[in-house]
Amino acid sequence: MKELLRRIFLVDLIKGLKLTFSYQRPSATYTEQYPLERPPVAERYRGAPRLNNNPETGETLCIACNLCSLACPENLIVVGWERTEDRRKKLTTFTYDLSRCMFCGLCEDACPVDALELTQDFEIAEYSREGMIWDRKTLEEGPEPSRYTR
Amino acid sequence: MPEATFLDANELVINMGPQHPATHGVLRVILKLDGEKVVGTECVIGYLHRGVEKIAENRTYQQFAPYVDRMDYVAAVTNGMGYCEAVEKLLGAEIPPRAQYTRMALAELQRIASHLLWLGTHALDLGAMTPVFYTFREREEILKIFESYCGARLTTHAFRIGGLQYDLYDNFERDCRKFCDYFLPKIDEYEELLTTNRIWLSRTKNVGVLSAEDAVGLGSTGPVLRGSGVRWDVRKAQPYEAYDKVEFEVPTGERGDTYDRYLVRVQEMRQSVRIIRQCVERIEPGPIFGKVGKVIKPPVGEVYHSIEAPKGELGYFVVSDGTVTPYRVRVRPPSFVNLQAFDTMVRGHLVADVVAIIGTIDIVLGEVDR
Amino acid sequence: MATIRILIVFAVLSGLVAYLVYLERKVLAFMQARLGPMRVGPWGLLQPIADGLKLLLKEDIVPSGADKALFLLAPVISVLAAFTVFAVIPYANNFLITDVNIGLLLILGISSLGIYGIILGGWSSNSHYPLLGALRSSAQLVSYEVAAGIALVGVLLISNSLSMVHIVERQQQTGLWNVFVQPVGFFVYLVAAVAETNRAPFDLPEAESELTAGFHTEYSGFRFALYFLAEYTNMVLVSCIAVTLFFGGWLRPFASVRWLDFLNYGPVAGLIGAGIFVLWLGWKARDTGERGFFKFLGVALIVLGVLVAYPPVLAAVQGIFWFTAKMLLFLYAFIWYRGTFPRYRYDQLMNVGWRWLIPLALANLIATALVLYFISPHAGLGSG
């Protein structure tokens, strides 16, 4: 009997209607209006790569050990080095092909001196394919995207 | 293409092309219709084939782990878990309990996320356009936890062979508990919107019925199998990690129709919350990496290991020839095998049910095609 | 005089339909925990204009092999049928275009002509998916027309007239809106109206996730906009009809109850309330450009509300305000249903129409007729 009354008076439909109606309050809105509100990014986020420098001396921390290049599944890191007078390795060029990178973080895990790091930058769009291949300078400075505020 | 004109209602052949809003990816379904009834189907897959298994032959074991996430891109964490466990089985490595419980918590969170996506898109296919936004909002919370833990939301690469790369971040337990408390009432909301709704019932009851014998015979696993009444869950039947130490139930359906599979998945979300709560309680301080060397060179041999991914039984068959790269990695994708049941399920139904049935099998083309 | 009213109604209706699209997107968005259009103009208010411009500027494709004359004519038929009916709807006791003594019959007749637009559109596209979609859509529409018509005959019986103005005046005389006298009839009409306009949960013929993508697949640019326009105008139309026939048209709630006369200040309260709401929106707006606009609009609405409180203006505005308010509630309900319910499959749709609604409407009709016969003096139908 109760079942019949529920069917006649569309109780199941009205329950659904009540739920969607209750969602119209402003506190229920979940939208984040990008580019005005940027998403909070986690600390461990694997974003754009960066080659870190020693904060005091300004020199690169990279010791050109080539471990990142060996660890990468896509073989997209090319490390160039030369030997100095005291038979130590000095980094000359560092090329990172961002178009093939899958941001897996294996290079970051492999680096013994924390020179190569995947930062929290996610705005890394470029206008050309060649622009996606970053050289040492871009890796050290980071991408400079235009910031839209409207 | 048909010889008769289309107005002749016998045996019309219609193509539901690879680009279709409702086929959950690039799936091509060729339907043979008699009027509005479907009398035969043929699924054409391979539009997303990327040669993942071939790539495995040319990468080291650790290097292959990120590729594995991209198969079932909706549930990357469980993909990684299956692969890492398979290789660990080959190595004979032991995982410390802290790593085990963390892996379980993350895998169950991923199960919830995958089922949420399934629910949203299934409801959207059937015309209810609001649940998708609610489920994606909950999924967003889970992805935030993943992002805080391993740095990526979708292609997580969360686990390493031998344990975990990242230890838990500071608020992991608190975030998981908060999520569980926040999420349980939301499941009730989805049920309020759909479970008793007469339109939903008429769209899903007795649609796509798969009997238990057919389900077992066609090799279906996961919610497709459990919806038909067969109580088989790899977590209970062949426990891995620490699943034998946590309590949870395995929901099963009765008739094997779309509605039962819907109920099974919703109940599974509730059970996953239960598992997460238990795992988070039991995480003790300790090591996160087992005794696995830096270079992974398993002894010559082969192993097949399967886990209960959200979509079904995900299996990895890894053959090692003693070098640092595997000789062969064969993936048993649950969606691929479940898709075989599509033909049995859809015969005799109307065209409008095809979309509902594709949705209820819960396929991800990345997995079907690899 | 009538020409000016026609122009006013046409202009207001076009604007209303355009902004109905915007309202639908916003309301649907809020129900789905998101925001809807926000970028084009403050809070997306210029979105319909942007959409209209875009559709006008799109390439006009006529498929090869299509029956060109019919292809061009079909959307026009739909739009014409939808717009023409607004000539016989009474918006207020002092504002209506014409009062034909067979108003209801005219409405049912002309709005049924819109179905030709759908069939011809599907046929002339020379493609089998639109044709199947058009046939399904027209079958659905015709079935639900029957149900709607029978439901309306109940109203006809109790009002004893086909003239829309007379029906409203009847409700004023008896002091009871027809929805309380004919609840089943209203329910049947409501469901049939949702199905008539191809809205959820009866929108299978035009859903994107189905195989047959609907009769308007081959239409692009402004012709597609015309079909769209026709659909939303139909929505407004069935809302107006429901309001007039069941909810007392331009009558204020409890129109004959003297001590509730303070409700006459409804327009004032409505305008001032809208003004406060807009000011609150402006307070929550993001940048100063938007904020300024909302402040201006809010203040303008409040000033308008105060001006309307002047008694002669209030008396003049009464009817149209209540009519519009009730009609907007109906439109909101349409959007609400779309946001909540899944879709019926085609055969279930026809099932609901033929096996549930039509018998229900017939039962309602018979019951109404019997009741009227027994309460009236036995000489003929119609109470005094």
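Read from first to last, the chains carry the letters A, B and C; within each, the first residue is number 1.
Here, a residue touches a chain if its C-beta (ideal position, glycine included) is under 8 Å from a C-beta of that chain, and two chains touch if they have at least 3 such contacts.
Please read these numbers as outputs of a predicted model, since none were measured by experiment.
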item: Joint neighbours of chain B and chain A, given as chain labels; value: C
item: Between A-C and B-C, the pair with more C-beta contacts; value: B-C
item: Most centrally placed chain, judged by C-alpha centres; value: B
item: Euclidean distance of C-alpha centroids - chain A vs chain B, Å; value: 25
item: Distance from chain C to chain B - Cα centre to Cα centre, in angstrom; value: 44
item: Inter-chain centre distance, chain A versus chain C - centres from mean C-alpha coordinates, in Å; value: 49
item: Interface hub residues of chain A, defined as touching at least two other chains; value: 13, 16, 19-20, 23, 30
item: Multi-partner residues of chain B (at least 2 other chains); value: 130, 133, 137, 193-194, 197, 199
item: Sequence positions of chain C contacting 2 or more other chains; value: 31-34, 339-341
item: List of chain B residues in touch with chain A within their complex; value: 59, 62-67, 70, 130, 133, 137, 140, 144, 147-152, 155, 157, 165-166, 169, 189, 192-194, 196-199
item: Interface residues, chain A side, partner chain C - complex; value: 13, 16-17, 19-21, 23-24, 26, 28-31, 33, 36, 150
item: Chain C to chain A touching residues, read off their complex; value: 27, 30-35, 38, 284, 286-287, 336-337, 339-341
item: For the chain B and chain C complex, residues of the former touching the latter; value: 6, 14, 16, 20-22, 36, 123-130, 133-134, 137, 193-194, 197, 199-200, 202-203, 350-355
item: Residues of chain A defined as touching chain B within the complex; value: 7, 10, 12-13, 15-16, 19-20, 23, 30, 41-46, 71-73, 102-106, 109, 118
